[in-house]
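Here subunit A shows up in two complexes: once beside subunit B, once beside subunit C.
Moving on, here comes the complex of A and B:
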């Protein structure tokens, strides 16, 4: 892998390569470049995950023609697919080094062992939602319990926006979560459940189930589970499998005031 | 910090942030943790979900109250009575840790005697807390070891701030919770480096690591190291500086990274004082309210533009790394200070912050001596770290207290300096909201944070709003013995009837027009921001 990345940087296949490097005991995202080719010896695969493709969109927004290489696990690949479909990245300019997910034979689901949550504590199991559950487990609770359990989870929210900020497929210029008419401001917890439902609706047909939102959530809200459910609906109703295929989700909720335009690449082109 | 130092010998959070997760019970008093210390709130939630009990005592109904096994809204400033009431019940039920008290503490008898009178009925009369709630919270705290006590400005910003802290220390020692993993008395510091600033001697009476200025040996050591004779008397606290300015004894003021125009307890009083100055210098990132009236503003580099260290609430000293060069002609604080000192005739030559750090660690044997930039790595080290092999200290007072024995203080309840009366019938308390930091110098210019709350406001209970015919957003005139200000009403059950809450972040609605500079703790000199008496009326439309 390291030789291939070196070759790519040297022969100009890519202008930069996004991967990980161990820095003082922590595997951190790192941008490898030709000028410091010796650093590529330190390029490592894991065990950390980060939305490298999100960093790529930020770079592409400033330099639309730059050729970006990156380390891609299954979830990164699904995210890249969504970003190509939504014109956030140009597939012509992206090269990936595909690597296995963390040790797991569940490649079809893209699950990796890194995502396994610690066992939920007694109080959380009693009144909240165990992050290890699957959507079908939640159905078993019945409607009123489901509501009270989700509300318990939501009312812990400290409105840090970590879920949105880490999300590889959150790229709107204007975020509905910051729209006063949709979500009230100035209080903790934020207006619930609307804050989380607005985001859930946006994740339908968009979420690639990487679980980074849940990793980032400081108060352990089972966000991945919530978005798995909305994607299940998109799959059942529209037969659309997010992260695969080459078309945008048929489920679309563009309103009058919230717009996805202009996309960063086009914006950068206009700016030139 | 004075209260903690008197009881334990060390003025800092006793335990670590991560080990709050392992508490059997968490007692939060005077801290709106989710809004002001969200990542510490994370630990509280995680502990709670694992089965820990949670007690919240706060005059306001806060986000954490929803998760508490017992949440009480005690009357503003009645903390000593509440804590004494808990201790009364602990002793009555025999829940105190007798071995711990005998072996590790002193002066217990005087406290025990004083506590006899703090019956639940007396405590209810002072605090308004129902005796059944008091009994429940006491039982949870005393019978779910280890219990971690967390507090913030709700405990300290009172005329009885030191008494309040001493009472927190008393209750924790009574149950043997100090010096154990998952327990402790944990003041949550309000700023990323306020612990570090205090550790560095950013106080008028100490050098680094709290070595007293008045101590001849310490003074001699620093005088030798710095090659100049150092003064033997402590300097002035900010509370003392203001009268000194008014009396013409203090003619020049150099303010670094503070915005006293908003953070000082009495706006009018401070403005008079500032006018008496011959010269005001402010070193800031942005043009704060105080910088706007300065004679000279020195542009300081932001966190992203400098190298150095911060020491956080849990005594963890961590490196910060420069990401970009300073914008414009800004400089890191250490360079500004070194240049200024050199210009004033005392040569300061340092090539890097690391050189300063090494000088400091060599002069700070007990707490920082074992730290180097290399050892700090990414995770930092928690003091005390006395030598190069020492792994740092996750919790203090393990086998013995820093001062030897833990000292109980028999503390009698005292009323706040100002209570509501006919003329000023409402209690006013001040505090923070989650989106803004302190006086808003940084957060109010961030669009993402500003969108949450663009103006000041006053929180009023629906019952009071109803009786004064106040609707959401109506502008109210608030007046106290010091002055008056206006703010739009936010109607919410988070405050009790008869109590108002004002956030401190908003220069156009300056809370400190109302608060009292005359009321401060006699020892720590911290002003009573948390209690004043005010009147309100609706602005005629």
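Moving on, here comes the complex of A and C:
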């Protein structure tokens, strides 16, 4: 890995490379450049995940033609796909070194294990939602209980905007969450559930299920679970798998016409 | 093109969350929580998340100002400190040392807090020392 990055920097395949390096005992993202090529010896995969692709978009915003290399786990790869589709990065200017992801049943060794959430306490299990559950488990609760459990989770929100700030696919110049006509500003907790639902709706067809939002949430709201559910709907209804295809999601309202098109099986259902 | 990620500690309150500043071409572009920091474990509050905004704010005070005839005049540190020292001396001589109070802060280091209270007690001669975290 290190030799390849060195070669890339030397022959100009990339102008800079985003990877990780131990700095003061912490595995931190680091930008490797040709001028300090000896640093590449310290390039590590790093156990902590940062959104390197988001840093890359910030660099590309300042200098659009720069060639960026970066370490990519599976989630980074999906995020990059979304950023290419939405024209935030040019795929011709990005090179990746693919690295190991989270361990799973299929893959025993993983360099990343950040998605394993710590077990919920007894109160949270009773009145809230355990972050380790799957969308189908939540549906087992019944409608009124589901609402009260989600409301318990949402009312903890301290409105730090961390979920939006850390999100690799949140790049809008103007954010609905700061729009006073849509969401009340100032008060704490924020207007619930609308604050979280506005974000959830925007994550439909956009969220790549990296779990960084949940990592960054100071009050452990099961955000990943919520976005998994909205994406499940996008996948069921529109047959759109976020982060894998090369087309924009069906929720693209830019342009003169709305081109939402359900997947064939849904069309057949409505015809009957 | 220069891109650096600089580890730092949040200066907003006394908690001391670890964070990373994303510096692009010498300008702090955004703030990220440090994932492996034992204090915040990858989380931040809204103030921490927006540190780069007040570093880059045009309202930020970058030079010492001395109020002369009701207006703030830009000056250098030597003069600002001299004016402050002279005024303190005047006030202490006229009204006694207990007319002065020292407010210290959770945002500065332990050592700076120590120095500040030492200055209040040994130099000015008052026990009027208080702190924003004395709830």
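Rule of thumb we're sticking to: the second predicted complex is superposed on the first by the 240 of 272 C-alpha atoms of A that agree within 3 Å, B and C clash if a C-alpha of one lies under 4 Å from a C-alpha of the other, contacts with A are read in each partner's own complex, and residues count from 1 in each chain.
The rule is short, and it goes like this: a contact is a pair of C-beta atoms (placed from the backbone, for glycine too) under 8 Å apart; a residue touches a chain by one contact, two chains touch by 3 or more.
Note that the structure is predicted; figures quoted are calculated from it, not measured.
When the two complexes are overlaid on subunit A, subunit B and subunit C occupy overlapping space and clash.
When the shared chain is aligned, subunit B and subunit C each come close enough to touch A:24. Of the two partner chains, subunit B is the only one that A:189 touches; subunit C does not reach it.
By the touch criterion stated above, A:218 is placed in contact with subunit B and with subunit C alike. In the superposition on chain A, A:66 makes contact with subunit C only, while subunit B stays out of contact range. By the touch criterion stated above, A:233 is placed in contact with neither subunit B nor subunit C. With both structures placed on the common chain, the touch criterion links A:166 to subunit C but leaves subunit B unconnected. By the touch criterion stated above, A:55 is placed in contact with subunit C alone, subunit B being left untouched. Using the contact criterion defined above for the overlaid structures, shared-chain residue A:156 touches subunit B, although it does not reach subunit C. After the shared chain A is superposed, the part of subunit B among 98-106, 206-214 or 350-358 that runs into subunit C is 206-214, by C-alpha clashes.
Residue overlap on subunit A between its contacts with subunit B in one complex and with subunit C in the other: 23-24, 26, 158-161, 218.
The touching residues of subunit C, when paired with subunit A in their complex, are 1, 3-5, 7, 18, 20, 22, 24-25, 29-30, 32-37, 42-46, 48-49. On the subunit A side of its complex with subunit B, the touching residues are 23-26, 120-124, 128, 155-156, 158-161, 178, 180, 185-186, 188-189, 218-220. Residues 34-35, 38-39, 41-42, 45-46, 48-51, 63, 66-67, 377-379, 433-435, 448, 451-453 of subunit B are the ones touching subunit A in the complex. Subunit A meets subunit C in the complex at residues 15-16, 23-24, 26-31, 47-50, 55, 58-59, 62-63, 66, 158-162, 165-166, 215-218.
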